[in-house]
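Each of the next two complexes has chain A plus one other chain: chain B in the first, chain C in the second.
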Partner chain A sequence: MGVTCVSQMPVAEGKSVQQTVEILTRKLELLGAEKQGTFCVDCETYHTAASTMGNQGQAGKLMYVMHNSEYPLSCFALFENGPCLIADANFDVLMVKLKGFFQNAKANKIESRGTRYQYCDFLVKVGTVTMGPSARGISVEVEYCPCVVANDCWNLLMEFMQSFMGNHTPGNPSVFGNKHDNIYSPGDTMAQYMELFNKIRKQQQVPVAGIR
Partner chain B sequence: MSGAPAVRISIESASEKQVQEVGLDGSETYLQPLSMSQNLARLAQRIDFSQGSGSEEDEPPPGAQPRDWAAPGDAEDEEGLVKFQPSLWPWDSVRNNLRGALTEMCVLYDVLSIVKDKKFMTLDPVVQDPLPPKQNPQTLQLISKKKSLAGAAQILLKGAERLSKSVAENQENKRQRDFNSELLRLRQHWKLRKVGDKILGDLSYRSAGSLFPHHGTFEVIKNTDIDLDKKIPEDYCPLDVQIPSDLEGSAYIKVSIQKQAPDIGDLGTVNLFKRPLPKSKPGAPHWQTKLEAAQNVLLCKEIFAQLSREAVQIKSQIPHIVVKNQIISQPFPGLQLSISLCHSSNDKKSQKAASEKQSPEDHLYVLEHNLHQLIREFHKQTLSSTMMPHPASAPFGHKRMRMAGPQAFDKNDISSLQPNEGLLEKIIKQAKHIFLRRRTARTIDSLASRIEDPQIQAHWSNINDVYESSVKVLITSQGYEQICKSIQLQLNIGIEQIRVVHRDGRVITLSHQEQELQDFLLSQMSQHQVHAVQQLAKVMGWHVLSFSNHVGLGPVESIGNASAITVASPSGDYAISVRNGPESGSKVMVQFPRCQCKDLPKSDVLQDSKWNHLRGPFKEVQWNKMEGRNFVYKLELLMAALTPC
Partner chain C sequence: MAEGVLSPGVNLEAFSQAIAAIQALRSSVTRVFDCLKDGMRNKETLEGREKSFVACFQESLHSVSRDLSELERLSNLVGKPSENHPLHNSGLLSLDPVQDKTPLYSQLLQAYKWSNKLQYHAGLASGLLNQQSLKRSANQMGVSAKRRPKAQPTTLVLPPQYVDDVISRIDRMFPEMSIHLSRPNGTSAMLLVTLGKVLKVIVVMRSLFIDRTIVKGYHENVYTEDGKVDIWSKSNYQVFQKVTDHATTALLHYQLPQMPDVVVRSFMTWLRSYIKLFQAPCQRCGKFLQDGLPPTWRDFRTLEAFHDTCRQ
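Coming up: the complex of A and B.
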């Protein structure tokens, strides 16, 4: 377990999502990264049920239940800017039982699938973010395995990302900033994914709203 | 009393007259009260004379006494008056009784007066049983004695019979009780259950976590119907156990490492030599040893079954061979690890086979023991995986596995949790390590015995891991141990390789090949000599001019590199140059000052005598003709010879 940075890679001009992913992976393979199977991160959205809300004015909070193939036995439940719960895989069954309080927004299911690469101490996962049937973006996750203190290896991570992402290298993720003990945990990775997915959802929603 | 006039109190009975009847109109009819005489007559009628005369000591009740006295008085008074009254007269019975009594008294008086005279009547005691007439007393005695003896004999016989019966019964009872107590003892050690009219026991390791499918049932037999007449054997036990036929005899797992592959015809026919059955512990019952032996057979079978299953499943470069009761694996090329199950039943055939060949055993007892330990660990693992208490919502499995979800273990962590090594892999690794350790020890020992100078010492650590052990190798010169301590090697012997840690921290990894270690040690020994010269020079006050562990000049060594050192005497006149190669050996040259070289041609350039102090050419020392017991000592002598006093 190490420090992870999740970022979005914009689709290259005049290229499809698939082609952009291929360009990226080719770059990685040229670097000498080793292919190690696939990965998958999925995220389901739950609304707080209307019956449980006390005040009318209070907006219902959204809860995200996520899975990551890197942590195959775990299940993550997150609120935006809120706490992150890590549970075992039985949590999904529990959510079915809690139907009265949390309602699953089926249409909002979003996931990222792709290939996992290992390059020395770095783990790189390039995935296609899909929502329903359509591909909506590209996620790039880079993990530096030997370190758990984010600030100590951020520069190294950035330098490595520059080597294959070029000028699309992201800035310091927000989760790094609001950590008081500096120790990175798997929940932080999932929070980054949640932010990324939310960003991608909003990007898509704007044009749809415009058409209406 | 006071002076007041006495108060008169008249007392009368509450009801003078008895009520005879009460009429319907409520009027009561009274009985006329009895007159005085009537009352007396009624009372007199009640006197029972027979009671008084029957027993003289009879006392009349105290209440009745005055009346009794009064009554005869009255009776006496009125006797004369009412003599001729008809029998209905109330005093009739009284009179009759009194008359009878008087008659009897008179008779008694007459008798007593006659007896008193002793003329006509005497009083004699009455003889009850007159003796029978005595005839032939001898015969009678004999007969009576005979009779009484017969009676006594009969009584004795009856008693004896009863006694013997009770003894037999007792013994039967005792045996029964012994069986029960034995059964109780058996139950303390083994699991028993009753099926129908049989008592079955369980000797399998299933309750300890074994997954071996053998049922491992034994039957408890009551062994009480033995012949009472015959002598009861000493080790007789009323309880016997019957174990399944395939668990009889004794078994053990044999692990050995052989150099060459044996003949293919030899495969799978590991000779079964019969080990003597373990002597039962004093005090331990017969069935205990029997059951323990059977359980051991079962465990050995389980180990072997597990090993052979793994041997077939695991894919290795050189496939493991499973033939009959033997598993053959090749941990290193040219080396064979054989694990075999030796099971000898008690029949004649195996005993004969055993006596045929009693080859010296090359057991690896450590591995055999470890196999047993590993299977027990395996048992424990299966047992603890379903350990209670357990959260109701959590998946079954090991506790750490259960925590893997909530603690977000990643793939690497999870795979490290899962037991991925089988029994066979572990045992092969251990065998490899054991073999490597032995070979290292042999290599070091053979080098130490072959090469006397420098000396090589090995210090083995006593406590080892099953996969790793270490040895400290010191290379010294005899007599110079204190100054020549440069080469200290720590050899960490692993499974397939040996890691050598130098004193200065360098780490060299050697493979399992014997030659590598030998070459390495040889090169270290050769370096040691040069290091020793360096140390000696320091002690002797000589100056080191040059020093090289790896000389690039001169003949190429097949092992490692030669090392060289040049030292100059304190005055600077002489210099000694030593070159030591692992293969070429040592070569020592001495450089003399020019002035001492007679055969040097006079040069025209060096006219001045001061140039004579320059050092001249090197001359080789005939090292094998030098005196001294070892290299460093010889060199010390040489240095001493070259140092002017």
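Coming up: the complex of A and C.
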């Protein structure tokens, strides 16, 4: 669990999501990265059920339950600005039992699937973000495995991202700002994915001319 | 092979002379037939023609017999090549006719040539390397047991308490570096140096001399299954494998047989410069990454960061 940066790659002008992903993977392969299988990150949304609201009339909180193929035995549960829980895979079954308190918004299920590349000590995952049947965007995750302190290797990560993402290199992720010198954990990666998915959900759907 | 080696019984000079004699014989026989072909020359009287023809013919026949006897004499001098194979058993391989399917003999010859060359080069290399002695032991090779070794052997037999003291003093020198000493395998100290949150270094010592180091990531496991410090397995990351190589180079660079504690101190000072392994750009090219690696080399005098390919 090295320092990871998750960002969105905008779809190229006049091209579809699929084609942009291909351009990116070709650039990676030219750089010398090796393909190492596939990855999948998915996210389900749960609303706090109305019956538990009580008298205070708080706004319903949204809870996200996420899985990452990099950590196949774990399940991550996060609130928007709140704590992140890392549990084992049986947590999904627990959520079924807690149907009375948390209701699954099945239409909001969003996931990112794609290929995993390795270059020296870097792990790059380029995925297509899909919600239901439609592709909504492209996610790029870059992990520098040897380093565990976020602020140490940000410049290094950025230099690497610039070599294949060009102008679309993202800025400093917000999770890094809170870390100071703490050790980076997988929960931070999932928080970044959650932010990305929320951003994509709010975006307009990619124009039809590009999709097919 | 047999090139350059005279096999016994063959006189090479007589051999070349015999070849020349064969050529002379051939030309004289050609002359006989030419003479016969030309026939009688045009002279005044028939007798004159016949006489000159016969004289010419006789002369050519004499030269033929002269050359032939010369050849016979030389051929006796040449002698027979010895029946024994000068190549002994390996020469029997060359009698195998299937050359393209089993080119054993030519491969064998190449293997021998290669190993001879290798031996020669190894001899040259060892001569050159011995000029720069990198020995860190007190005894010298080949010194007889009676003669006393020149270097002081006392620094090799230091009391463990002294070693502990030196290490704990160095531990307190730098705030971001912590050193933990253990002796799981006899009197050799094993140090586990933790540098900030960047890396961990396992140092195996022999009294106060540093023997080996292994550099691993901060989050990598440094213990074996039974809780001892793992001194053998390499890091999983290329950057730390590179830093391990550089650390081994540093071990060989910082050497002072008489004052080993100064050596340990300088090594630790050098190691401490790695606290900024991921933050410092290369002093030469200004970039952070070269082939996917950050600047892993630290200059021994100035402690500046360089990429492995950028260092002078």
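One rule holds for everything that comes next: the second predicted complex is superposed on the first by the 198 of 212 C-alpha atoms of A that agree within 3 Å, B and C clash if a C-alpha of one lies under 4 Å from a C-alpha of the other, contacts with A are read in each partner's own complex, and residues count from 1 in each chain.
As a convention for this text, contacts are C-beta pairs under 8 Å (C-beta built on N, C-alpha and C of every residue); 3 or more make two chains touch, one makes a residue touch a chain.
Every value quoted in this text rests on a predicted model; they were computed, and no experiment measured them.
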Clash-or-fit label for the pair chain B, chain C on chain A: clash
Touched partner set for A:74, first chain B, second chain C, both or neither: first
Contacts of A:181 with chain B and chain C, given as first, second, both or neither: second
Touching partner for A:153 - first (chain B), second (chain C), both, neither: second
Partner chain(s) touched by A:89 [first = chain B, second = chain C, both, neither]: first
Of chain B and chain C, the chain that contacts the larger number of chain A residues: C
Touching partner for A:34 - first (chain B), second (chain C), both, neither: neither
Which superposed partner A:22 touches (first chain B, second chain C, both, neither): neither
Chain B/chain C common contact set on chain A: 1
Residues of chain C that touch chain A when the two form their complex: 197-198, 217-219, 236-240, 278-279, 281, 287-289, 291-294
Touching residues on chain B, where the partner in the complex is chain A: 393-395, 401-402, 404-411, 413-414
Sites on chain A touched by chain C in the complex: 1, 32, 119-122, 144-149, 152-153, 155-156, 159-160, 163, 181, 183
Of chain A, residues touching chain B in the complex: 1, 70-76, 86-90, 185-187
